[in-house]
Amino acid sequence: MKKIAISTGGGDAPGLNAVIYAVVHACYRKGWEVYGSRNGYAGFLDLEEMIQLRPRDVEGIYAIGGTIIGSTNKGNPFANPVKNLAGETQVIDISDKILRNFKRMNFDCHIAIGGDGSMEIAHQFAEKGMPVIGVPKTIDNDLEETDRTFGFDTAVSTATEALDKLHSTAKSHDRVMVVEVMGRDSGWIALYSGISGGADIILIPEVPFDMDKVCEKITDNDLRGKDYSIVVVAEGAQALNGQRFIKGGLEPGRQEVILGGVGEWVATEIQRRTDKDTRSLVLGHLQRGGSPTTFDRLLALRFGAAAVRLVEQETFDHMVALKNSEMKAVPIADAIRARKKVDLTSDKVQTARDIGICLGD
Amino acid sequence: MKKIAISTGGGDAPGLNAVIYAVVHACYRKGWEVYGSRNGYAGFLDLEEMIQLRPRDVEGIYAIGGTIIGSTNKGNPFANPVKNLAGETQVIDISDKILRNFKRMNFDCHIAIGGDGSMEIAHQFAEKGMPVIGVPKTIDNDLEETDRTFGFDTAVSTATEALDKLHSTAKSHDRVMVVEVMGRDSGWIALYSGISGGADIILIPEVPFDMDKVCEKITDNDLRGKDYSIVVVAEGAQALNGQRFIKGGLEPGRQEVILGGVGEWVATEIQRRTDKDTRSLVLGHLQRGGSPTTFDRLLALRFGAAAVRLVEQETFDHMVALKNSEMKAVPIADAIRARKKVDLTSDKVQTARDIGICLGD
Amino acid sequence: MKKIAISTGGGDAPGLNAVIYAVVHACYRKGWEVYGSRNGYAGFLDLEEMIQLRPRDVEGIYAIGGTIIGSTNKGNPFANPVKNLAGETQVIDISDKILRNFKRMNFDCHIAIGGDGSMEIAHQFAEKGMPVIGVPKTIDNDLEETDRTFGFDTAVSTATEALDKLHSTAKSHDRVMVVEVMGRDSGWIALYSGISGGADIILIPEVPFDMDKVCEKITDNDLRGKDYSIVVVAEGAQALNGQRFIKGGLEPGRQEVILGGVGEWVATEIQRRTDKDTRSLVLGHLQRGGSPTTFDRLLALRFGAAAVRLVEQETFDHMVALKNSEMKAVPIADAIRARKKVDLTSDKVQTARDIGICLGD
Amino acid sequence: MKKIAISTGGGDAPGLNAVIYAVVHACYRKGWEVYGSRNGYAGFLDLEEMIQLRPRDVEGIYAIGGTIIGSTNKGNPFANPVKNLAGETQVIDISDKILRNFKRMNFDCHIAIGGDGSMEIAHQFAEKGMPVIGVPKTIDNDLEETDRTFGFDTAVSTATEALDKLHSTAKSHDRVMVVEVMGRDSGWIALYSGISGGADIILIPEVPFDMDKVCEKITDNDLRGKDYSIVVVAEGAQALNGQRFIKGGLEPGRQEVILGGVGEWVATEIQRRTDKDTRSLVLGHLQRGGSPTTFDRLLALRFGAAAVRLVEQETFDHMVALKNSEMKAVPIADAIRARKKVDLTSDKVQTARDIGICLGD
């Protein structure tokens, strides 16, 4: 009999619950016990926050967004912000306490589901002696060492569905619609949803964009009788030098207040330069919510089951990963080294260009 | 044999195409001809913009958002903005020209689909002698004289689906999520989607809100162990005197730049007063797009078929309307008098209060 | 303080959980207690099957199909089938026992959610002295005294979505697709989904159909270049005399085994008579499942809140109902008298005929 | 300038239109012309059935199921069934005529989208000298030489959504629900949807099933308090010897008429052996229809763009394929050799077993 702790950390991603579901069921079949630590590491600090999870506790959750054990973006056990009596915030290391409790509770392994921040912390705990298995989670699909992360397909589907909805309005009113999607460092969501949702222009962090090219595409559309255009912008997209967008600040040379994000800036510029009726929209948290797609459910369930197999094999300090359609174990340390960028030579980017999508260059 | 012209005016609403579908099919069965005037009245000014519509031209469009004949928010034939050679905008009356062309093209009737602006114009044309039938369209459901307008159920569904998605994220992260939905003058979309989507707080134009009450509800939730809250705000919601929100301007007394709409302001206030992590989202044009729900399709098809029956009966200058589940004809002049507000004594509002939803008062 | 019991009976309908949600929240705000009786009346027979329901027990259930307290199609407390030691089934009356337990548990009222069978039983209990409030439930929308029942809009949406999916296949392959939907006594689902889903032919129990007319419509379609047809058949549709369909039996005169339901028979006949490639599909239980539509959620929540108001007013032996967009209370006895049929003079039927849909007559 | 013909053959699959969309746009950007041959090869026999496709002809079709140029399951140009004057069906070879017309129309290449039947025919034409590029299409995902085919993810999603809907009904009524999904030779759809949709039992052609094991799983569920079960059956699943199911025939030893498919037989057996209320449902053509998922749209668009690149490189008699996330060209002859079966050693099958799903063995 083994006793497993499981936690979810970082931003929300559809599929977290499916991982939990698979871990609970796979352990149940082996006669192991599973406990969920609420809100990241809180269960290791307060026993009331450590909840036993049996099959009946996870019934049907594979289809539900969010995480039943809560998550957190705040706090790092190795540098935890605490307010002292004077109301000042101090940073203290509570990792020893967590490790001590982990041992006192007789856990055999901690399955940590999270993004690169959570993986970094998990790896540090592993180095301190905690048997840890990582399950990668990032809606942006930008984690190295795994071909895919769950939540990404759902986010892309949500964004594509939004594009579908905007098409009819754009067309009925001869408008340009600009949609800002997630992707601070990489343009995966923008690229996938833009191709699938019939965008005319896709702007991603990997390709600094030229507003002249963007506007040229829009006027080209007009010329061939297509009086509307759809633009997808990743939140981390950057204009070429001299057209640089500065969030919440002033744009050099124009001295106007830039109110929103890059999507709003692009929309304002298009309207100004082409005189076309242009509207913008920020999808924001809609991309993090909702029932996971079938693709994400299956991937998350596979990750969960694979994590339990790693526990059995005692392949600790490793993360489950998808490589060429198969489950693999990779050292956590390797996974957190760098962000995965869109490969501009891939056939997906080529497809975008082939079918006439402008990437702003 | 009759010859019918059809046009769509104003903002987009899912179901416009279903009205067109029903008109085309109902006329086809009578051996009548139907022509669609592109972008409002453009077909009466330029023959190339007047398109014949036969059953094969409208195949499957009842399920598609937007309008296949285009719409416009600009221009009123009775006060049409035109640029002269000097680049100045002049307003001229082109209604006589349109009426003349209408007669030269031998049309027997014009079926005008649109909101109160379009109905006003249609009524003016009717007074000048054009046989006109109106079909009411407003996503906000705020047209008098009809219980429902198509597009509203779809908009409510889109907003409710968004709330469903935000629930899991809000819950996983103990957050407050504020969603701004359409409704400048009336809170129909906010009320319906808020109740159906499990909102804790719904703010509508009909009920000036008190931020103290809003924040009290959120802290009450916390007290009973529900660490997250969902707030739905109609774009036209107004805070009580002294807490007034001014779009894009300065808030008196606090002297800060208010960047976005009322939703963002509410979110900022909640965060400031409760110290809870609060995010806001503007649904915007997503509410106008997409395939109409089954409810809206049926309503729009009924409107279209009823309009053709009114043509046959020559009940001109009337608008089709839904009254107590039945199709009725009402004088257009009656319909455009006032906006339909949410009745605060209705059982829907009572339901919201009964199940613990805070309306900000 | 009051103590309320709630039960759900009969077949599944999306929205049951939303009624429960509203009852629990509305009672919670009044300081009342709510208990759910598992699987119909089981909670009155076994205390373990009587579960307290507080707001946290019903979190988010308004969006989920099914019923969290279980339902049953079997058993009537006034004529309950029980197996004796010899294995024979005996029918006994256990209503006195239930009433006795109801009183011993100190309940003030029983809110019974169900179809006409459950309403009949509730009414009998009311006559025996149990304070009962009914909430109408039938996916078929065939209950008298209420304009709408929850679950119906969801069922229609599911059926319409299925028609949308079949359109593309039918068209790509020049096929006839026959879809059998629910509706043993009335054709509401078939009529609504058929109109909304672009059916060419809709067969409902209220209009005995003539296969000659059905096939004529299909060949007419072919003539005008539309090489495919969609047929919606309510499970209770009946062919005109001489073409009578007998489920699972033999068709007089043709002496062939009829394998499935009326949908399959219609498909076989169409293929035989028109020589067109024809396929059939039975939607079955798909129509009973899934998340309720926004329309059904709101209606169910209103029903639940209205039921609690009736408890407060002690308007027992009554059922909540929707009449002309408002909540009303009607005597249960009135509601169970007859099934609501499709009114063949309504504008919905007229719309179907106007836009060229064949009703088989 | 090149002139390209494109055709779609075989059963419907969501994504066909997206391939056409990509081919048309990619060719348009090169200044090439594209023509669609209606209903398979009909365009090569009758010029009226050969339709020019420009960007405006394919607007928005990437999001729509079916194929705008029609498909056919009938007819093989190398063995075409024709009725002679006496009404007898003769099989004749019309491939020479097609090849002659192909040359007279000055086509440079034929892009054939289809399943293994269509690929076989395309290969035969290639051997006769027609420059052919294949695009693989099978909803069953059972084509060798490509990791994935478009349409599969959509079919799996439709099946999973159906399972989601049936869960609430099964649970509310303590029922067993049996769902028969596509998959004559391989169990891909059943396996993927079954895992993603929370099935208790998945029966696939690759694993002959034992009804004893199936029923044991159901009674095990009951024992641990889960009173309902969901069973997914691929249409080609086979019981172990002695329990063999014979479609439409008699079951040896029991001498009863078996009415439907394997799903109905499994349901009947479960009901008979476990005495649990059991219902069955055949998803059928629903799996072939509807808007392609984002995943399928992207894959289909990539296939289309890659096919045009192969035309440019003149890599004829090859098929585009997905291999380890990248586009590849494989000889058509290699692709049609065998059906891809579910690999019983893959981690997907292992995941199913790990989380307690019974595969009937």
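A, B, C and D label the chains in the order they appear, each numbered from 1.
We take it that contacts are C-beta pairs under 8 Å (C-beta built on N, C-alpha and C of every residue); 3 or more make two chains touch, one makes a residue touch a chain.
Just so we're clear, the structure is a prediction, and the values are computed from it rather than from any experiment.
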If every step must land on a chain the current one touches, say how few steps get you from subunit A to subunit C.
2
Once you count every C-beta pair in contact for both, which comes out on top, C-D or A-D?
A-D
Tell me which chain's centre, taken as the mean of its C-alpha atoms, is farthest from subunit A.
C
Report same or different for the subunit A and subunit B interface, where same means the shared residue numbers exceed half of all residue numbers found there.
same
Find the geometric centre of each of subunit B and subunit D from their Cα atoms only, then give the gap between the two centres in Å, rounded to an integer.
41
How far is the middle of subunit A from the middle of subunit D, if each middle is the mean of its Cα atoms, in Å?
32
Among the residues of subunit C, which ones contact at least 2 other chains?
164, 167
For subunit C, which residues are in contact with subunit D within the complex?
8, 11-12, 14, 16, 39, 64-67, 70-73, 158, 162, 164-169, 171-174, 177, 257, 259-260, 279, 281-282, 284-286, 288-290
Hey, which residues of subunit B end up touching subunit C in the complex?
21-22, 25-26, 28-29, 55-56, 59-60, 62-63, 147, 153, 156-157, 160, 164, 167, 192-193, 195-198, 224-226, 293-295, 297-298, 301-302, 304-306, 308-309, 324-327, 346-348, 350-351, 354-356
